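Each chain gets a letter, A, B, C and D, in the order it is written, and its residues are counted from 1.
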Amino acid sequence: MMMLVLICPECNAHNPPDAESCQDCQASLAGVAPSELPDSLDSENEDFDLFEPEEKDLPDLLYFLKQDDQAEDEESLLEESGASQPEESPDQPEEHTPEWLDTVRKRAREEEDSAGELIRRVSAAQETLAGDHGESHHEDFESWIQKLREEARDKAAGQDEASEERSSGEGEAGESDPEWLSRVRKAHGSLEPPREPDAAGRSLLEWLVELEEGQEENPPEEEDGEIAEAEVTQPIRTHGDEAAGDRTQEVRTGTTPAKETETAKAELVTVGITRDEHEQADLLATTITDERADRPTPLEKPKTAGWLVRAILALLLITGMSLALFSGSQARLPGGQLPPAGQALWDWAAELLEGASLLLVFDYQPGYAAELELIAAPILKETLAKASEVAFVSSSASGTLLAEALLTEVMEASAVPKDSFPVENWGYYPVGAFGAYGIASGLNASMQLPNLPEPTLTFPQRDYEGILILSDQFDGAQAWIEQLTVLSPDTPVHLLVSAQAGPMLMPYFESGQVSGMLSGVGDAAGLESVMDQGGVVARRWRAYQVGTLSLVAMLVLGVMISLIAQPQSDRRGEV
Amino acid sequence: MNLNELIWGAVGFLLTVMALSYLIGDNFFFRLATHLFIGLTAGYLAVILINQIIWPHLVVPLATGTWTERLWLVIPLGLVLLLILSQIPKLSGLGKVPLAFLAGLTAAIAIGGAVFGTLIPQSRVVLDAFDPARWYEIPGQTWLRILDAAVMLLGTVGTLSYFHFGRKFKTGSKDEETQRPLLLEGLSKVGQVFIGITLGAVFAGIFSTALVALIDRLIFLGVFIIQLTGGM
Amino acid sequence: MTWTLLGWIFIGLGAVILLVLGWIIKLKGYPPRRMPAIQYLQGSRVAAIERGRHQQIVLGHQLWSRVYPGLGLFALSVLPSLLDPENLVNGDQAVSTSDGSVVVFAQQIIQGRYQEGFSTSLHESSVRAALPGPTPLSFTAGLLADVQAHPHGSLALFGDYGPEAALWAMSAARRGGQVFAAAGSIASQAVLYLELRDLLLGEEVFMVPGLLAPTSLNLAGLLTEDILRIGLILLLIAGVILTLVGVV
Amino acid sequence: MKKILGIAVAIIVGLVVLAGYFFQSQLSPILALVFEWGLVLIGVAGLIGIGYLLAMHMRKIVRWEKRSFFSIIVLIAFLFAMIAGILLTPQNALYRDLVLNVQIPVETSLLAILAVTLFYASLRLIRVRGWTPMSIAFLASAIFSLILDLGIIQTGVGTIASTVLAFFERLPLVGARGILLGMALGGLVVGLRVLLAIDRPYGE
């Protein structure tokens, strides 16, 4: 709301527009042009609280934001009108703060260091509202609000235009902004507007800014056909008189061109009520409507198209694979030879001497058991038949259970008597690095210090013919490799790992840290072919082919679609 | 199919169907299966932690060890007590010492593992590729070995350049603020390609792993139905 | 000179540079590259507060990251920069992980932030460290349910993950949330690359503390890493030359 | 005092372990002890973490929030698994069946869902990423690796084709090596930051 006042050139006191001399210092006001000021700042006696009771229910942060927002608008108005700030008590807003904040603030006043960042910011905001224009106090909040406004303005200008602006150069948008805003932006950096998913859902502040600027529109539709949010927003009716409503909004933003204000004033005269009454009524109406208006509640709009496409694709994939699995025929496995890492592992297993001592590391989760069993079972069958002692350690929570299940299954399948050699369970170590370090320390311990207790973590010192690491992740295997090869370089380490770990573990084979490796169902198929023991992998192979080729088709289809449609990526500096 | 197999088969079948129902959207059955899974895993893990960590490494030595050993155990026992007490908000400060112990341990493992486990061995591989003796190991493949070594050096250097944190020295526009200094920027373009190749290969591996899981579940469901309908 | 000695020189050099830049010179002027993803992360967090939507920070599956152990510590080093007073007051933010140690560390950091200037009673109803599931896949199940239960305005991933991260990240993204990933594992990066644009790759993840909070110590960390990296590149090139001439 | 104590503990423990890499045989017994204490702390922290999980679900039940029913399921399953584990011990075959027959179906199904998710997400790769050197390399490498894994491309031993194929198969290792080296550098600096008390995750 605006009021006309005469500001004393001597003491800056505010006087009624019809006053001839200053009420405070008695200086002459002749020739002083009236200035516009908001009501709230004009009257010292007026309650600071412009918010409706409902607004106090807002989260604290938004409440503070609004205070700051208000202050900023007022500040802009003051700057525009050239008026100096009025004096206000800095403590006024305290009555709206929660109890905890009062306590903290009290403490903050007493002990300077005890104030948190927010308290300092809130205090700064209060000072701003009270008329302290010290830039150092409020620039953080101010710039934030300004960034959001800028964001909202961009959006109001249209999603398409905003997109174009982003791609053509961000600096342009700031050219028409006031100098103080440029300074703030320079200090804090500009905030680029969010992209598609969030473009659909505007923030409360953006919505408010749009409302203020009279640009409230239907929310933009989401572009990509994914699940989007629709915003339910009631039309805002600030006043019966549209022009007056517009004027109210313009005044609040503090950017009203003088000419338009004059027009509004002219229209006001025709209403036949006093100016003050009208403005107060406007304030009340705006505030009430503003508070009662539906907030842009994000609602899920079921995007059937996107969901349907995904459902159809999933159905096609599963149907195709099911048909391949249960059609009755078995696929022929790819012949030829194993990759060098797989061949090295197979050679080691085949040439393993009778009476070998083995250490098995179980580092996979139950979800990967299906794949790991396909890969590990043939090797374990081959090696366990020659082993004289086997120990296993687990670095996954269910590793012990999985180890017992797999070893039992393999020994049953290869007709190895259960008690033909001891199987030691060294237990579960929640950290691969810890477990590996412990083992390696045990292997290398060459001296004992007096009075130190015997550590229970140390593993039996033993020379192993090989260590087999069964892992589902690259990093799990890597932790064991790194620690074992640093601290126990002479023990050959072999990997039986899932397909997702394979490509990243190859450098360890090349560097010689790992002696051999089988990775994924592709290698398992190769091994089954080499061993000439068709069955388990062969049964799955056709379905695997169908799934893999379907993915290739999808990737190619994606390329074709993107050739037709415009890519969504509009971000610079992106790869 | 015996009774044991039938019971566990039915449990597995129901849980599989409930979990896979997520493919048509979040629903009651999916939530039921996942929450059952979360609770059971938490219970199992608690048992394992007590059974395999706390019991053998803390309780047993405390109960059966010599006085010297018990004296030494005062340290971990104290750390454990401080950690537990620190969960009371007003006593959260007590957690600093046990957590500092863990942080120091982690940091040292990070440093040792990174330098001696990765930096040194991986750098050596790059250098070894340039050993002229290796180029002539396999007759007829010398040119490929040289190409291989050159690509390895270029790719490794390019990838490392891609990760450079500092920006271009003189920046005129916001676009340039995303760029590295000139030479590194050029090398990073090469690095981008190699990173893309690596991520693509890893992605293929991950899909392969996930696909095997899908195949396993389809086989499990199909076989269970066939066994159930085709006579047990 | 042995390789082990070279390793120790590398460690010593790193420590000295970090010490000098961070504690002695107190580095100020080393601007890192602008990362649009970080800016979007900040924007999404602001937007999430305003829209009353949930924020989730995920700190990975383990403190002792297996890709290499520094990743768990990295996630924890980022956390303080994300616990702005605004978020702490707003409260609709969760910090989750599947690792017991990380959740205890996270809670310690959160409490530390509160005690900087807030009432501890506020803590009871505000930001919390959470453990939706104690293993990676049970965590996935728990977080997936959480993402479906209420829309996430912002989901930020730091630390170590497996490919299962794609499940909840894509789910959150499809429900309108902005997902930012500084997930250290290559496996998670490979799957997240398909659909997330706010994704940091490889060593880039270590830029996050310096970009979120450009303090002299964080900037010193960035510059130290840059110096070591350039040193490594030069060493590789020099090593290749020496190998070719037969010195090494 | 507490502040200095925390920093001192972190630095001393870190330096002792780091020294263990150098004086391996001499420090081995001390290191084993330090690791054992660390392991106990990790175990207790794991239990505290489970406490966080239970507390979260208890809160949901007490407040009777939406979907509290599932929190009850979590608590029942937890108690059941815990009591059964204590009574039967984890080595028991019945307990093993009980745990694995819940974990394997759900975990494998989650991975199966991941396969389907990746399947349709792959349609959007270029749409999301645009045509960049990295996205093109990603696409080409993924397609090449998938086809190669099927064994469709077969070459004779020692032929030029097999040599060229081997060269292309090794390309992902180049990037992987660069990424590994970069990650190691990051790990080194993060570790140093903790040992130099720049990062103090244990509290200020």
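The rule we apply is simple: a residue touches a chain if its C-beta (ideal position, glycine included) is under 8 Å from a C-beta of that chain, and two chains touch if they have at least 3 such contacts.
Just so we're clear, the structure is a prediction, and the values are computed from it rather than from any experiment.
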Which of B-D and A-C has more C-beta pairs touching across its chains: B-D
Most distant chain from subunit B, judged by the mean position of its C-alpha atoms: A
Centroid spacing, where centroids are CA-atom means, of subunit B and subunit D in whole angstrom: 3
Distance from subunit C to subunit A - Cα centre to Cα centre, in angstrom: 11
Centroid spacing, where centroids are CA-atom means, of subunit C and subunit D in whole angstrom: 14
For subunit A paired with subunit B, centre-to-centre distance based on mean C-alpha positions, whole Å: 20
Shared-contact residues (touching 2 or more other chains) in subunit D: 18, 20-21, 33, 35-36, 38-39, 41-43, 45-48, 50, 53, 67, 70, 90, 99, 103-104, 106-108, 110-111, 113-116, 118-119, 122, 124-125, 128-129, 132-135, 138-139, 142-143, 145-146, 149, 170, 172-173, 176-185, 187-188, 190-195, 201-203
Overlap residues in subunit B, where contacts from two or more other chains coincide: 22-23, 31, 34-35, 37-38, 41-42, 44-45, 48-49, 52-53, 57, 72, 83, 87, 92, 95-96, 99, 102-103, 106-107, 109-119, 122-126, 156-157, 159-160, 162-163, 174, 177-179, 192, 195, 198-211, 213-214, 216
For subunit C, residues that touch 2 or more chains besides their own: 10-11, 33-36, 64, 67-70, 73, 101, 104-105, 107-108, 112, 132-135, 137, 141, 145, 163, 186-187, 191, 193-194, 197, 201-203, 225, 229, 232
Chain contact graph, described as a line, ring, star, complete graph or other shape: complete
Touching residues on subunit C, where the partner in the complex is subunit A: 33-36, 39-40, 42-44, 46-47, 49-53, 62, 64-69, 84-86, 88-91, 116-119, 121-122, 134-137, 151, 160, 162-163, 173-178, 185-187, 197, 201
Complex contact set, residues of subunit D against subunit B: 2-3, 5-7, 9-18, 20-21, 33-48, 50-51, 53-54, 67, 70-71, 73-82, 84-86, 89-90, 97, 99, 101-116, 118-119, 132-146, 149, 163, 167, 170-185, 187-188, 190-195, 200-203
Partner subunit A, residues of subunit B touching it in the complex: 23-25, 41, 44-45, 48-49, 52-53, 56-57, 60-61, 65-66, 68-69, 72-73, 109, 112-113, 116-118, 121-122, 124-125, 173-175, 177-179, 192, 198, 201-202, 204-209, 211-216, 218-219, 222
List of subunit A residues in touch with subunit C within their complex: 59-62, 100, 103-104, 108, 114-119, 121, 144, 148, 151, 189, 191-195, 197-198, 200-201, 203-206, 226-229, 296, 298, 300, 306, 365-367, 397-398, 431-434, 472-476, 478-479, 482, 500-501, 504, 569, 571-575
Subunit D residues within the subunit C interface of the complex: 18, 22, 41-42, 45-50, 52-53, 56, 66-67, 70, 106-107, 110-111, 113-114, 117-118, 121-122, 124-125, 128-129, 138, 176, 178-179, 181-196, 198-199, 201-204
